[in-house]
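We just call them A, B, C and D in the order they show up, numbering each chain from 1.
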Amino acid sequence: MILQLKPNPEEADLAGLLEYLTKEQIAHHFLKPLQVVVLPKFKNERSFSSFPVIQKIYPIDTPYQLASKAYQEKTIVTVNDVSVGDGLFNIMAGPCSVENEEQIFKTAEFLSKQGVKFLRGGAYKPRTSPYSFRGLETEGLKLLRKAADTYNMRVVTEILDLSLLDEVMGYADVLQVGSRNMHNFYLLHELGKINKPVLLKRGFQGKVVEWLLAAEYILSGGNGNIILCERGIRSFDPSSRNILDLGVVPLIRELSHLPIIIDPSHGTGTASRVIPSSLAAAAIGADGILVEVHPEPAKALSDSEQAISFSQFSQLIEQIKPVVKVTGKQSDIEKVILKTGSL
Amino acid sequence: MILQLKPNPEEADLAGLLEYLTKEQIAHHFLKPLQVVVLPKFKNERSFSSFPVIQKIYPIDTPYQLASKAYQEKTIVTVNDVSVGDGLFNIMAGPCSVENEEQIFKTAEFLSKQGVKFLRGGAYKPRTSPYSFRGLETEGLKLLRKAADTYNMRVVTEILDLSLLDEVMGYADVLQVGSRNMHNFYLLHELGKINKPVLLKRGFQGKVVEWLLAAEYILSGGNGNIILCERGIRSFDPSSRNILDLGVVPLIRELSHLPIIIDPSHGTGTASRVIPSSLAAAAIGADGILVEVHPEPAKALSDSEQAISFSQFSQLIEQIKPVVKVTGKQSDIEKVILKTGSL
Amino acid sequence: MILQLKPNPEEADLAGLLEYLTKEQIAHHFLKPLQVVVLPKFKNERSFSSFPVIQKIYPIDTPYQLASKAYQEKTIVTVNDVSVGDGLFNIMAGPCSVENEEQIFKTAEFLSKQGVKFLRGGAYKPRTSPYSFRGLETEGLKLLRKAADTYNMRVVTEILDLSLLDEVMGYADVLQVGSRNMHNFYLLHELGKINKPVLLKRGFQGKVVEWLLAAEYILSGGNGNIILCERGIRSFDPSSRNILDLGVVPLIRELSHLPIIIDPSHGTGTASRVIPSSLAAAAIGADGILVEVHPEPAKALSDSEQAISFSQFSQLIEQIKPVVKVTGKQSDIEKVILKTGSL
Amino acid sequence: MILQLKPNPEEADLAGLLEYLTKEQIAHHFLKPLQVVVLPKFKNERSFSSFPVIQKIYPIDTPYQLASKAYQEKTIVTVNDVSVGDGLFNIMAGPCSVENEEQIFKTAEFLSKQGVKFLRGGAYKPRTSPYSFRGLETEGLKLLRKAADTYNMRVVTEILDLSLLDEVMGYADVLQVGSRNMHNFYLLHELGKINKPVLLKRGFQGKVVEWLLAAEYILSGGNGNIILCERGIRSFDPSSRNILDLGVVPLIRELSHLPIIIDPSHGTGTASRVIPSSLAAAAIGADGILVEVHPEPAKALSDSEQAISFSQFSQLIEQIKPVVKVTGKQSDIEKVILKTGSL
């Protein structure tokens, strides 16, 4: 249950409520930035009608509270004048890793000409083997920012570790939490305090309730700018790298107000399946896609099997437009953003 | 590897080949109805050029052979003048179980008015508990057939056990192999000998290679009329009944020539997610869908949570038509079948 | 809930109860052979105290009823004077498939000298590929029986399909339901009517509740002689063929009265892990093991990677005896069975 | 492949080797602290015989190299005079979370009287919900250290985030990497630089190869003191919190030299299954167990369902001793450590 407090409550009124909850041994969390008191396990709303400090009571019986659709109808995340979750279908694209200046500039130039407004790219990469390429690190962040600024794009990049937060905040427009960090509660907690949007990938073995609780960590800190991203879950079948759980889109729509996009690159692990999966993502009602694109996929230093080429990307755009259209949305690449903010 | 034999080979030539294979201890299977010799583990094609009985050699290095795209480009299954896998998007619908005459006739009437040409319905039901409704059995088959004949539809129904094969053959146009029977090799073997199409559901924990080997059982018996059907796989997340593996559609397209349809009802387990999942199935390139429809879903004796109502079905049709169209296909419900065969 | 009826109830009394249940729309199943009425969804025991036909009421709120520990404390299955579930640790062994007379006789001779009382062996084999060896069929059954009779052993063999039931009944002492058939409800239903013990393997994708419901199918038909067998479940990790879920032993002990044994051969898929897994099976309290043994594992026609050799089996016996002893059980191979029944 | 260099190589010789590898485009990693060059993808050992700087060549064709049994036969980790992996069966125990002074002292006193030498306890807790108790943090670390020092025990506690490393290093004897952090490569990399043992839990979704690569991150930094810990993996069956993969013990023995212990508390999620699972862990050859013990399990602030009571722990000790004995090991609680080191 969530108790929404009145805008500027009397301090004594608030204290009265909190004392009552403590006395009655009702677990509660006063979230000052949001002016709400969350009672994560309480289900009976009647007893609070007499407290003058309460403006509205939201009866919610899921473990996640602020992430629930019962608390909020819709969230629109705005990234420098481009909105996510607002009826647009957002196309975010770029290489898995930033590899060098030529690669990222070539990609950004190509994508911006196609109308793409979000440039994704990894500077710090989570790699299963210590002997794999781990990214250009700071140099990668700088190149990414420079390319994005040159072509008027927004930067989406991963925050791999809390110790890198200040650095990444200096370059990114959207901070991506990778699949392996969906369970990194210490990091999520800190992301609740920043003022930039977070793209929260689902853990490859994350239950939906755990995913929304990961979002709850960020929401409860006061940061409501969250974009969920399904990227495939691990299954018993080695025939694909992951199982892309597209059915999670209508499920999230029922449970939460947060926008949700699809990553068909990790979701399938194979370039040839990226286009059909993207069309399906649009048809099932996702708010967008996050796609790995590389000038020369075969030479990519990471994820070379799933990155698509420029010509495949053009083909994707051509094919996805009519599908987006019949779902009643508009692709963000077709929208002209007149006033574009800067970092 | 598959050795395709010449149409009417000299007996001595054939014997020569088989003796050679035996002598060389190369595992081989002569499939008389298909006039092929399958060498399931052999990978070197050179040694057979001198055998006059061989018309063509197909080098195939997957465990499945006849199901491989390397052997055949495309399979079109025809069910009484309606084709599956031929560029149409087939919509098969009906209740989980046939419950009584009124229910199945009402459903068939409604569906046929919408243009639906395949009536699905269960007469023998696999139920996890011995205390659940197990179907009307023979009576159910009769009602299903009668309803289909009345409204000029084709019957899709499950063959639950080999002992029921003769009976089901008397009523069905398409024999459905349920998810739990994908591993029932004894049944699959017998289905290779019949002359009716088989709708082969993927096991809820079936790997793709196992699914294609299940098809291989049927194909190797001489029955090439197989429609694959993805119906959701079991995962670690209890938030949906199953994970609908839509990404398997482009994967199957790469591996096999068999048509593939989607069952969004079992795949999601929830009526509200059937429509969006159906749209995604169309967008990702499936050959059709198999949907549970019930006059009064809340009163259904089985699968009541996932059956959609008549009005939801109408809404599905309306929404899916433009998606099918942009994929370059045509929905079979919009196609008039002039000459319709009878059972 | 289970209503246990009095031994020879008045017909009118019984009718009165059943009419009442029907009238009140309480789902119920009168199982005549057991003289019980099962109310699978009913949870309130109070209302039945006035019915004279009822001897005892068992409040049970799991989907399975007769399989529940709340209904029965313990089941001891006796196979020709050797008991399973009676404080002994049973060791069942033999080849995956019966391959020829020499192989099965050699194995039976060796095992019987070690004291082994159960000879396992497959005559009809479920194989993922239609091109794999499917067993010697009837010939295999005959050899198995002959070898067992020669060496005074009991035959455990798989009932692959209902159509083979009469045949297998003629040769087997224990009918094994394979992992893929745990969901074959039509077969399970018929096994409820036979008078021989059933060894019910867990589906590699079977939830515990589904496994106990599979047992319930057999129990509700009147056959209470069931031995559960855990044989590994499918996971996301290809590093072993299966994950042997040993923790299911204490779980089953809490939920059910049925004896449970472990198959470490399929459970690990690798000969070198069979011995340590067997020791763990004994330590965790299983009622026995079912092990694949072959005179020459490398030449086995099926499962060659997981079969252990005679010398490995001797080593297993030597190592497992002290483990069995410290758990307070006795190995059945050390027990002399004076009067041994014949088929 | 690993190239072990001679103890104090000539700089020019080393440079010659590295230049050759670079020129030949052979991916290589010179690990200075270990004096090895790792060629993670190279499989042909012949070409290096002429380089004088190389002492020994280890041909290894798994993705992990230093963690491979082909590189090292056995690792013994010593924690203040108590060894792990040295033929002892180590019993590590304590509460999930340190809750207050009384709780942790009472537990430490009880455990030390039983002979237990490792006190586990959480100060920073990873919790799925932001509204759950997250530990006493610094205060918890202090209490844990004080209790351990008072009762002459070693502290095992979790390093939740890299930002806490300095702090945790000040209190812990063994740093535990939790299941969710097995994929936290940034943290693992830093743990390679410390001089304290790391207890590396398997991710609940971690493949064995990924687990050993996680160990490789630490090993390649120069820290060889790693204890693996299996704690259950996530499955499709909700009937237990996790599936305890005991079969991973013999598998790890084949693949790696690192010691491996079992956490039966998380592995089963239920107190009643902790004792039987512990016995199985001993029987299957694990090097020890890590058990959650609480003075009053029902009142525990975290994991109350799986913690065992003092009397259950005494029972565990009594039952496990004979099992450990028959496996040829000795329990570390029976061993008197004369000279005990201090922090």
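We take it that a contact is a pair of C-beta atoms (placed from the backbone, for glycine too) under 8 Å apart; a residue touches a chain by one contact, two chains touch by 3 or more.
What you are looking at is a predicted structure, and each value in this text was computed from that prediction instead of being measured.
Peer 1: Comparing C-D against B-C, which pair counts more contacting C-beta pairs?
Peer 2: Result: the pair with more contacts is C-D.
Peer 1: Specify the chain most distant from subunit D by Cα centroid.
Peer 2: B
Peer 1: Report, in whole Å, the distance between the mean C-alpha point of subunit B and the mean C-alpha point of subunit D.
Peer 2: Here subunit B and subunit D have centroids separated by 49 Å.
Peer 1: Let me have the rounded angstrom distance from the C-alpha centre of subunit B over to the C-alpha centre of subunit C, please.
Peer 2: Measuring from centre to centre gives 33 Å for this pair.
Peer 1: Would you mind pulling out the distance in Å between where the CA atoms of subunit C average out and where those of subunit D do?
Peer 2: Here the centre of subunit D sits 38 Å away from the centre of subunit C.
Peer 1: So which stretches of subunit D touch two or more other chains?
Peer 2: Those would be 205, 234-236, 238.
Peer 1: Give every residue of subunit C touching subunit A within the complex, in rising order.
Peer 2: Contacts found on subunit C: 234-236, 238.
Peer 1: In the complex of these two chains, what residues of subunit C are touching subunit B?
Peer 2: 27, 29, 38, 40, 63-65, 124, 126-131, 134, 160-164, 180-181, 183-189, 204-205, 210, 213, 216-217, 220, 234
Peer 1: Going by the contact rule set out above, which residues of subunit D touch subunit C in the complex?
Peer 2: 205-209, 233, 235-240, 243-251, 254, 267-268, 270, 272-273, 276-277, 279-285, 322-323, 325-327
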